[in-house]
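Shown below is the structure under consideration.
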């Protein structure tokens, strides 16, 4: 029983982390159709900015540093979309072509971002030690709990943003039918750039928190991109709530497998993913 | 029936091709050393890129499983080279990749667009993890020593596989199956209603492209002394052929060949001249190429040539 | 109000519209009829900025709009109610209407405008919280029209509103178009239902193979053999 | 025995019946017209016959054989070819090779490339596209693309041809030409089912007409019978509203 | 000079498991190629190429320009080349452990006027390519360095797997390969077979010294039980399997041995398992990424074994700093300590000056590499030639004093155990100490290690 309880609790916490690294990608693909292979690189940027601020003289609290990483990464994302991806959109005859090209372009982006970071921060492992204790009484690591909390907050805030605000509604409308949204007066290009920026900002926030959870190094990005891809496909591409559910599913699967045989964990990820794609290609939440 | 289409330009092209192959086949006697190694590597990417193009070019299915098929070939060579003759090993490697692609293709080719790309991507990762775990459990270690072949043996083997790949690519392109593939890529539904067995065609050609990838893997493995799953199934092997094809231009077969050659050589040049900045420059070049050269080097050349000839550029 | 001159456009390499001229005066109710594939929808899409013209000009309220993006054209007071409703099916009726009022100019007044729209389509008000996909075909068309009116347009261009609707509902749609027209809204209507269209509109253009084949008052066209033959098979 | 026969053919899309319990048949050498308002289920019925969709429930029988479970390419090879409402040509492929696809793969027996080319040329001749045979199909006008689809279908040597809005967007002269093409098809022994909005054409050329509305068959008979049917007039032509 | 030339049949790849290529086989390929091209000319070309194959295939090795005897070489510089992981997953090793050592050596050499070959001082040039931590690229670049650039000396590649592949490659090209970075028992077996006469191993690793020494330490401390976690990579697999050999024979029981994959994101179930097993010692044969996760989880769950042995990277101050001193008392594979000797202290300061940040200094490798390069240099100078075969002879038998040891020498192509500064280290108050039994020990062992809280409190870690 204790084992099952542990698996569920740690699985949930891990699921929160997985959801955290995935929501941004889900948004980028869901609205903008960019399967951003460089997603993990922006997580890395968030991590290192947080680490840098933490280590600097102001010794900034990692949670507070989100206030810096989020806008910073948002602007990077916005600019990238307004230049690179918009150009690809304009020059691609069909959506399929755009999806392929944007995926490959983001692969180039991966190289660029990662290597700029390597030149700045080197190749060492670092981590921000923050809240590295458990909630008294229960064996729940505080930093993971905070991460779960943040992803829930992001989820709720984002939900409210989508449901209540003018821009949020425009994003939803654009993801369902961009052409008609344009007929309503929505400037699709700016919505897409904002969405891409938001996706990158979410990666930045995830990075801030990850820097308190795991060793960070400038080559860490791809592994998180892969996790995010799996989670996002599990939950259904483009669904933010799907990313949450996909994250939790993967987290619990991961903990069950780790309990029995840790080296099968990754195999289990891919297996779950591959089976789901074959059985339900649109994901758990997909229509 | 093709004879009437052999215009003087075609004769010249064929002649040039023949000269190129004669030079390539004589090369190891003319020069010894690194050039042969480099050429083997370039030819490897030509095989992978053209192999990838055979299927993904006309159908627009972006396969990222190249590393899986290539890696399987790699592993076959690690296990069987030595006990079995090299030629047999290459053929077995191709055959195993072929069978694997048949199974994978039958399962996945109903997925379209980005789903297919992600699936093949995950497949490569999964094969890596599984092989790694099998090695750990069965052999108690991670990698294997490979019975090596000499530089020249590998070079000639790769040259032959390259020729096989190119011939296969041309034959498929010219044959009815090339037309079928093209139809599938343009309008899968209409292709089915015109009597094309869409599933079988896709799966067979997918498998055929995996065949040459497996062979290329087996040859390169014998140049590596020691291999492990991380080496055999490097993700770069999946992405690079796609980028090379895009870089060279996907319109015809010349594009991927040029793309692979230029890409590999350029990479080498940057890698040795600017080891610190190499990947950064590479990434920038890649992005610029995708954004500004939608039809690759060949497309660009055609456009420039068109402008020179009479101000009328190739249609955009 | 709307003036199109020498307009040519198409998809990819295929030309659909050929050197087309069309005019809609303030307060008019103009219909555009023609066979499937004649280019009616393409024309509307070009007017509203979804498709870029190859050549020619489109002027709306004295302003060239052929170079503008769709979202800027809405802002000027031209609303396009697309074929097949194109509702945001995962959003509620209220939200769909709000999307209609998306331009900054109208967003602030969206509550008042919505009251007006609800008065036109009382059934929508009853179901304001429901998802758009749960509506029946007729209600969906009402919603699409309501949404199109939320931007307080001076000119509404509307594409095949009767498509797939039961006859009773079709007449309802035409009634509403009529009353909108009476409220002073200029209308450019594309329809297959020629009989009813010609009965409601003032003036009509007949589009054939991407060119204007015929134009004139509706009464005239109703008597025209050409129209009768092409559309009614009589 | 009818050439093609459908029994209780039904197909739902998310709770809505696109085609609902339709029985139909067509005999050798007939031209059957299929009419109805937009969204009445005509194209869905074509999709069910050509196996783009499977009827649930329902059966489709071709020359006495139940073809319901067969995949689309086999249906084509058995001799049922079709065109599409929204053209589905291979846009980057030259016109002649578009047609060769039908000849090479659609006939159900081996055809050499040379034979296929010859057949394709004949088919193009038939639809008057011979001068354009070497340009990419995407460069044709929509009307030409429709004809190209017909050529591709003919090249697969069908016994039954499903024509979906062949005449959409044609000028009256072109409609007349298209009508004579269809008549010629019949003289070649090809049975035709056609969906058409151009009434004057379909009324003139069809031997028999089926009217669909909301997925249901509401009328069937000769053109005269159908044209006189008050229900048809109401649903199809819209309520008479006297001004 | 070249082994290959004596036996042309084995061609170039004489080393690990090459197979001669028969003429018959080649004819087969030629036939195939010819058929494929459809041109008899090409067939002839391949046939003649085939003939070429049997004549000579060896490449110009660096020694070929040098005549026998102590005649100075004609060239005017000494190029040392390597394919190194400047980017990718192994880049941290190049950045902190190895790269600086090479640069220091080159600087030192050039400051002294260059390397002295038979009385002629040649300035040293360092040529480093980025292998992107990719074995394929690494092998190609090593080939390029040997065949095209014809460098005078070759640096070993980074990481065990690369070394496996590189050893055979260098052997086949007649190059001496001295490796510090990685190594494993499998390769040792090949060396024992005599198939790698040009390969020399400097770094201490699992069976050859570290685990036996650790077993001795545990015996001394009275530790009876151990639990192991290891990474599913060559290093982890190697160390865990060697532990299975050495620990039981020292009377230490292995309670569990858990393998984990790269990219694992939660190890709490493993730590909880240890809590249940309660071993005296936990060994973590993992890289920093997993080491940080394991340690962090242990701190969170407040699980504190009496001793913890960390794998590669546990010896860097960067990783130590992550825990802000809480890692005090952690033992690590290594090891050396600046306090050991004035030479070690001097080298430590030089190293800091090179990497710019003392947090980046590693206490496993650098001193060994410094000593290795010094040793090699002395051997080359003694050989007074650039002929690798002759240098190898000197390497095999020479004794030289270096910064690490007064008497440095190879035993069966592996650096002798007595020459190392140490095998196992321990962080004490933010300072690395060698804890090998005997004279090399620089401080008493902290056993049991302090609790996480104590350590964090008492530490005078360099971060503060």
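By letter and in written order, the chains are A, B, C, D and E; residue numbering begins at 1 in each of them.
Keep in mind that, in the parts below, contacts are C-beta pairs under 8 Å (C-beta built on N, C-alpha and C of every residue); 3 or more make two chains touch, one makes a residue touch a chain.
Computed from a predicted structure; not experimentally measured.
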Identify the chains adjacent to both chain B and chain C in the sense defined at the top.
A, D
Mutual neighbours - chains that touch chain A and chain D alike
B, C
Could you work out which chain's C-alpha centre is the most distant one from the centre of chain B?
C
The pair out of B-E and A-B sharing more C-beta contacts is B-E
From the centre of chain D, which other chain's Cα mean sits the farthest off?
E
Quick one: chain A and chain E, Cα centre-to-centre, how many Å?
37
Between chain B and chain D, tell me the centre distance in angstrom, where each centre is the average of that chain's C-alpha atoms.
42
Inter-centroid spacing, chain E versus chain D (mean Cα positions, whole Å)
73
Out of chain B, which residues touch more than one other chain, so two or more?
129, 132-133, 136, 276, 279
Hey, what residues on chain D touch two or more of the other chains?
91
Where does chain E touch two or more other chains at once, residue-wise?
87, 232, 259, 261
Interchain contacts, given as pairs of chains that touch
A-B, A-C, A-E, B-D, B-E, C-D
Residues of chain E defined as touching chain B within the complex:
11-13, 15-19, 21, 25-26, 28-30, 32-33, 36-37, 39, 41-42, 45-46, 48-49, 51-53, 56-57, 59-60, 84, 86-87, 128-130, 132, 134-137, 139-141, 143-144, 147-148, 161, 164-169, 172, 186, 232-234, 237-238, 241, 259, 261
Using the touch definition up top, name the residues of chain A that touch chain E in the complex.
6-7, 10, 13-14, 17-18, 114-115, 118, 122-127, 129, 132-134, 139, 141-142, 214-215, 217-219, 223, 254-255, 258-259, 262-263, 265-266
Contact set on chain C toward chain A in their complex:
12, 48-50, 69-71, 74-75, 79-80, 82, 86, 88-91, 95, 98-100, 102-103, 107, 147, 151
Contact residues on chain A for chain B in the complex?
29, 33, 35, 84, 87-88, 91, 96-97, 99-101, 103-105, 107-112, 114-116, 119, 222, 226, 229-230, 233, 237, 263-264, 266-267, 270-271, 273-274, 277-278, 281
Touching chain C in the complex, chain A uses residues 93, 166, 169-170, 172-173, 176-177, 179-188
